[in-house]
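As written, the chains take the letters A, B, C, D, E and F, and residue 1 is the first residue of each chain.
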Amino acid sequence: TVGQFELVYNAFSFAIAVMGAATIFFFLGRSQVAAPYKTAITVTGLVTLIAAYHYVRIFSSWEASYTVLAGQVTATGVKFNDAYRYVDWLLTVPLLLIELILVMRLPQAETVAKGTKLGLLAVLMVVLGYPGEISGLSGTRWLWWSLAMIPFLLIVFDLFVGLKKSIASQPQSVRGLVSAARWLTVVSWCFYPVVFVFPMIGFTGSAATTAVQIGYTVADIVAKAVFGVLVYMIAVRKSGADVDTAV
Amino acid sequence: TVGQFELVYNAFSFAIAVMGAATIFFFLGRSQVAAPYKTAITVTGLVTLIAAYHYVRIFSSWEASYTVLAGQVTATGVKFNDAYRYVDWLLTVPLLLIELILVMRLPQAETVAKGTKLGLLAVLMVVLGYPGEISGLSGTRWLWWSLAMIPFLLIVFDLFVGLKKSIASQPQSVRGLVSAARWLTVVSWCFYPVVFVFPMIGFTGSAATTAVQIGYTVADIVAKAVFGVLVYMIAVRKSGADVDTAV
Amino acid sequence: TVGQFELVYNAFSFAIAVMGAATIFFFLGRSQVAAPYKTAITVTGLVTLIAAYHYVRIFSSWEASYTVLAGQVTATGVKFNDAYRYVDWLLTVPLLLIELILVMRLPQAETVAKGTKLGLLAVLMVVLGYPGEISGLSGTRWLWWSLAMIPFLLIVFDLFVGLKKSIASQPQSVRGLVSAARWLTVVSWCFYPVVFVFPMIGFTGSAATTAVQIGYTVADIVAKAVFGVLVYMIAVRKSGADVDTAV
Amino acid sequence: TVGQFELVYNAFSFAIAVMGAATIFFFLGRSQVAAPYKTAITVTGLVTLIAAYHYVRIFSSWEASYTVLAGQVTATGVKFNDAYRYVDWLLTVPLLLIELILVMRLPQAETVAKGTKLGLLAVLMVVLGYPGEISGLSGTRWLWWSLAMIPFLLIVFDLFVGLKKSIASQPQSVRGLVSAARWLTVVSWCFYPVVFVFPMIGFTGSAATTAVQIGYTVADIVAKAVFGVLVYMIAVRKSGADVDTAV
Amino acid sequence: TVGQFELVYNAFSFAIAVMGAATIFFFLGRSQVAAPYKTAITVTGLVTLIAAYHYVRIFSSWEASYTVLAGQVTATGVKFNDAYRYVDWLLTVPLLLIELILVMRLPQAETVAKGTKLGLLAVLMVVLGYPGEISGLSGTRWLWWSLAMIPFLLIVFDLFVGLKKSIASQPQSVRGLVSAARWLTVVSWCFYPVVFVFPMIGFTGSAATTAVQIGYTVADIVAKAVFGVLVYMIAVRKSGADVDTAV
Amino acid sequence: TVGQFELVYNAFSFAIAVMGAATIFFFLGRSQVAAPYKTAITVTGLVTLIAAYHYVRIFSSWEASYTVLAGQVTATGVKFNDAYRYVDWLLTVPLLLIELILVMRLPQAETVAKGTKLGLLAVLMVVLGYPGEISGLSGTRWLWWSLAMIPFLLIVFDLFVGLKKSIASQPQSVRGLVSAARWLTVVSWCFYPVVFVFPMIGFTGSAATTAVQIGYTVADIVAKAVFGVLVYMIAVRKSGADVDTAV
């Protein structure tokens, strides 16, 4: 219905505003962290910039797929590029993991090893989800969902357990924030496979489309922008109060 | 009528100019405050930037919804996206609260706790107002208005009482300004639920539309740009006279 | 006639160039004044930037309202947005007053008080002029002109008398410039209510339109760009010769 | 003919490139002169920026006025905005004089007095030339030409005699350059009234148009960009070899 | 099919995002390496910027060549500019080699000699591949493939053997990274001649087009962006921990 | 043919990428040379920027002049602006000579004298070549070619002999580079008069057009971007290893 079309339309526009503002916030905030954390904040800003670019494209695809005329929504025949999010995740999901690892400031070898492992698992997860996303058949979707869940669970396990050990080595002032970031990642990431199954557990037609788009959009905002603010706060606190910043 | 159409048209354009100029003012002014206040001014500039972006979209929607031909205003059939402001408020209203808390420079734990609480209440308030905004039925609008008033009153109460305590801990030079900011927030925010009820208390047709749009626009300018100037002045005074600034 | 159309067309384009160049000049010049005057120059640059934006819109409206074909000017039926200047003045006129007050560097309390008083009077003046501007009736125009003259005269009086006292407390090197700025403000501002009455004292048709547009444009250039250069020169001289500037 | 159309087309495009490149050169070079000369280089860059903007508009007007089809040039009926240069000169000619005075670094009072006098004469000269430019009648053109020659000769005289005195007070290292700038101004400026009379001394039709446009374009490039490079060289030499520059 | 069209469409868009984000990352990261490595990072950023520009063009060509209508892909008759990648490689492949040589910081004479030799071989390789790329005949494609393989093998040999010697002279901390970069170059570059032969070893029609475009895109991302990150990490480590960075 | 059209199309696009990337490289590299060489690098960047602007225009003209439809190239009737390169050379050729002279850092009087002489000869050379370029008649082309060869030979002679003397006064570390730049200039510049005669020594129709456009494009890239890199390397080496650079 028109209400659903407008809700998704406004949600996408909201996501553009959030990701755009977050990008500016992180790029301006980069100068207020110490040198070891600048790369982490650069990556944080790139995640939201890439997301803003992709939401502009998703928004345009949405506008092109439907026409609203005198209170009636009709499909134009142009297919909504539903898989476009995977293009976004393929780049941003590995970067999100790298962002978290960088701000933890683990030993160099561990940073490289963990970053490589989690990054490759993330790419695998997104690639394994793509064939299911573009399919309409329930069986196909369940198959690829199951396969993508494997790297997904490996990542979540590593985040949950592996990072818990690392928290102990963090300064007292950021342990709460790192713990919050860890929880936020786990919880927000669990949204995605849940949203993916909406069309297979009873949601149909425009209700399914609306629920999927709103669900993914909310999850993206939390997993990227809100998570980024936590990473930024961690970096600022670890930089200490005597960073001499120039603008 | 044409006069009403042009009044709203000019009001939206005025809002774009105000928000755009305010954004530049705050981003340039950021270098003239001390390090602890830079984040507050960054958020202040982002609020007006997001608002400028949203007013450009609101302005375009207004242009697309009506045609003025030889002194006659006619609707084009394209619906004016009246709910677009909620997309704006969903992001800017929490940021406004964070902006005020940051410039107060409360203890770190209190900053995080109060920011989280007020931010979530603000999101709840806007989300609870949205279904009423897109409804034409008086009963539905009153229902959601009442529900949104709950978090609204909680926020206002906290601002009015909670911040009054904090004022005592502020430097003498800014107490007047913080008090003014507190009052300005309370008064300007009360505009919004009042404007919301205009169509339910006798305003009809184009008069209602005009009153609502002008009312919200004036309130936005006061609550964002004027409030931002107060926050900036607080930050400058708290930074002291010996900030060594570079451009 | 075509000559009149082109004269106004060229005048608007000239105003865009002047305001655009002035904006760049002030933003570049900001780094060559001492810290206490940076905000004044920021405001000066914003005034001309806002004016450039508004002249671009006025220029577009003028192009849309008339067609020139083989030496003949015909109206298109699209109304020239004559009231657009009020949108500009509503923001720039208060800023101009703030600009002058800031560069005087009065005591802090006096700066805030005078800025608030004059700013509100300026808003009132422009708002009271708007209903007359959009009216074609002589009586209506005279009525609102008279009402707007009240805050106008209060502002001019305060500028003329109030600022004369302040000049004595300025350094010797800038007294001439401040006096010139004071005179320039008074004289250039008097243009506006005079131009406003052109259609009520004998100017008719295209001659009235041409005279009004050229008159307001010349006044805007003097009151904004020329006045801004005076403010900038005051700021540079008050900054002294040993400002260490970085680019 | 097509050859003439293309010659003017290419000349305008060349002017855009020259003025654009000169603008970048002067804005980048601004950081390599001492503080007292920065304003002079800012004005130099603004002159060429304003000229680039105006040449873009002149170029567009030229494209809109003629169509080239299969080796044949035909007028479209849209009038070439021949008077557009006056809009440019009204701003750039006073700025050029100010540019030369600033880089001479005369005593402050003399700078202001000479700048005001020459600036006003320049505005008068351009304004007095405008009615003749938009006229097709030889008599009218001669009349306004004669009137404009009066301020023109006063300016040239002052440049030639007044500045000759000032050269003696300049450092030895720049006397040659200042003399060259003085000569270049006088010679290049004399082009303008000569080009103005082309249609009154035998040039007709497209030959007159071509000669006028090429003539004014060459003169603009010499009087703005080449002159600006001389002013820049004067500023660099007067800044001395130990300017500590930052990029 | 539509699936294949969308896969390539999304792959190109992904490449734009990767190259764009990488460019920003490298230009921001340039300030965090020591002076001797800044040029290497500048070149790294230029490689991904040039690639982003070229992917925008490739993406547009792809959109112009096919129409998707109601689940059916049809060619528009506009030829997909398949050779456009060669324009990209002609510039980026030599730059990639220079990038690696610069970050190794070899003796100056060796840097110039090796850079010139490998750069010219790279240009030769791409030029020799171009006639085959634009040909549809298998024999022609094999001929030029064979010719291009000659400079290709010379480059790979030099990278593999020549750089192995240089690794020993690198600091301990980067030997692993330099080795990884060497391997990544060799492996990723081998993709290209393999992808080139896809249409000659059994891939046909849209399957061939899809495989070629996805293959080249993945190889470009690895050879440019991933390789660039390795070069950046080498530069950061060789810069040491006490680089005093300014933003 | 289509192949020829696409070859030229891709060559122009390649030139845009090269000139654009070179511009960024030089503007970023400007901060890594000592103060006396900054102007030389500024000019180097302006040369490639002007060239990029002109190649965008040449590229557009090429697209407008031909249509490719189902493997067939047809002229649209819009004339390819073949003389557009002269507009480019008129500005960039003098700047290239100034660039070389500046980086040599000759005595001030010699810099000005040689720069003026060679610059004027360059302008004369390009102006004398223009009438031949726009002519289709062999005799006319030979005439102007011969006339343009006179300043051409004077420039080449001065570069070859005059600069050889200057090389002896350069630091040992750059003698090889300055010699290479001298040779590269002479060799690359000789391309131009050779390419000019292609249509008069047997090349006809589309083969002539293709050869001329590819020839001029390759020569421009070598004479501007490759030459610029040599100038940059000379400036870096002459700046020495202890330039304290800020980004």
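By our rule, contacts are C-beta pairs under 8 Å (C-beta built on N, C-alpha and C of every residue); 3 or more make two chains touch, one makes a residue touch a chain.
Keep in mind the model is a prediction, meaning the values are calculated, not measured.
Undergrad: What shortest step count links chain D and chain E in the network of chain contacts?
TA: Tracing touching chains, the least step count from chain D to chain E comes to 2.
Undergrad: Same residues or different residues where chain E meets chain F? The copies count as same if more than half of the interface numbers are shared.
TA: Under half shared, hence different.
Undergrad: Which chain has its C-alpha centroid farthest away from the centroid of chain F?
TA: B
Undergrad: Determine the centre-to-centre distance between chain B and chain C, using the mean Cα coordinates as centres, and give it in whole Å.
TA: Whole-Å distance between the two chain centres: 28.
Undergrad: Roughly how far is chain C from chain E, going centre to centre by Cα mean, in whole Å?
TA: Centre-to-centre distance between chain C and chain E: 55 Å.
Undergrad: Would you please write down the residue numbers of chain E that are in contact with two or more other chains?
TA: If we look for residues of chain E contacting two or more partner chains, we find 246.
Undergrad: Could you walk the ring starting from chain D, turning first toward chain F, and list the chains encountered?
TA: Read from chain D toward chain F, the cyclic arrangement is D, F, E, A, B, C.
Undergrad: Residues of chain D touching chain F in their complex?
TA: Residues 2-3, 6, 10, 13-14, 17-18, 20-21, 24-25, 28-29, 32, 68-71, 243, 245-247.
Undergrad: Which chain E residues qualify as touching chain F in the complex?
TA: So the residues of chain E in touch with chain F come to 30-31, 35, 38-39, 42-43, 46, 49-50, 53-54, 57, 77-79, 81, 83-84, 86-88, 90-91, 134, 246.
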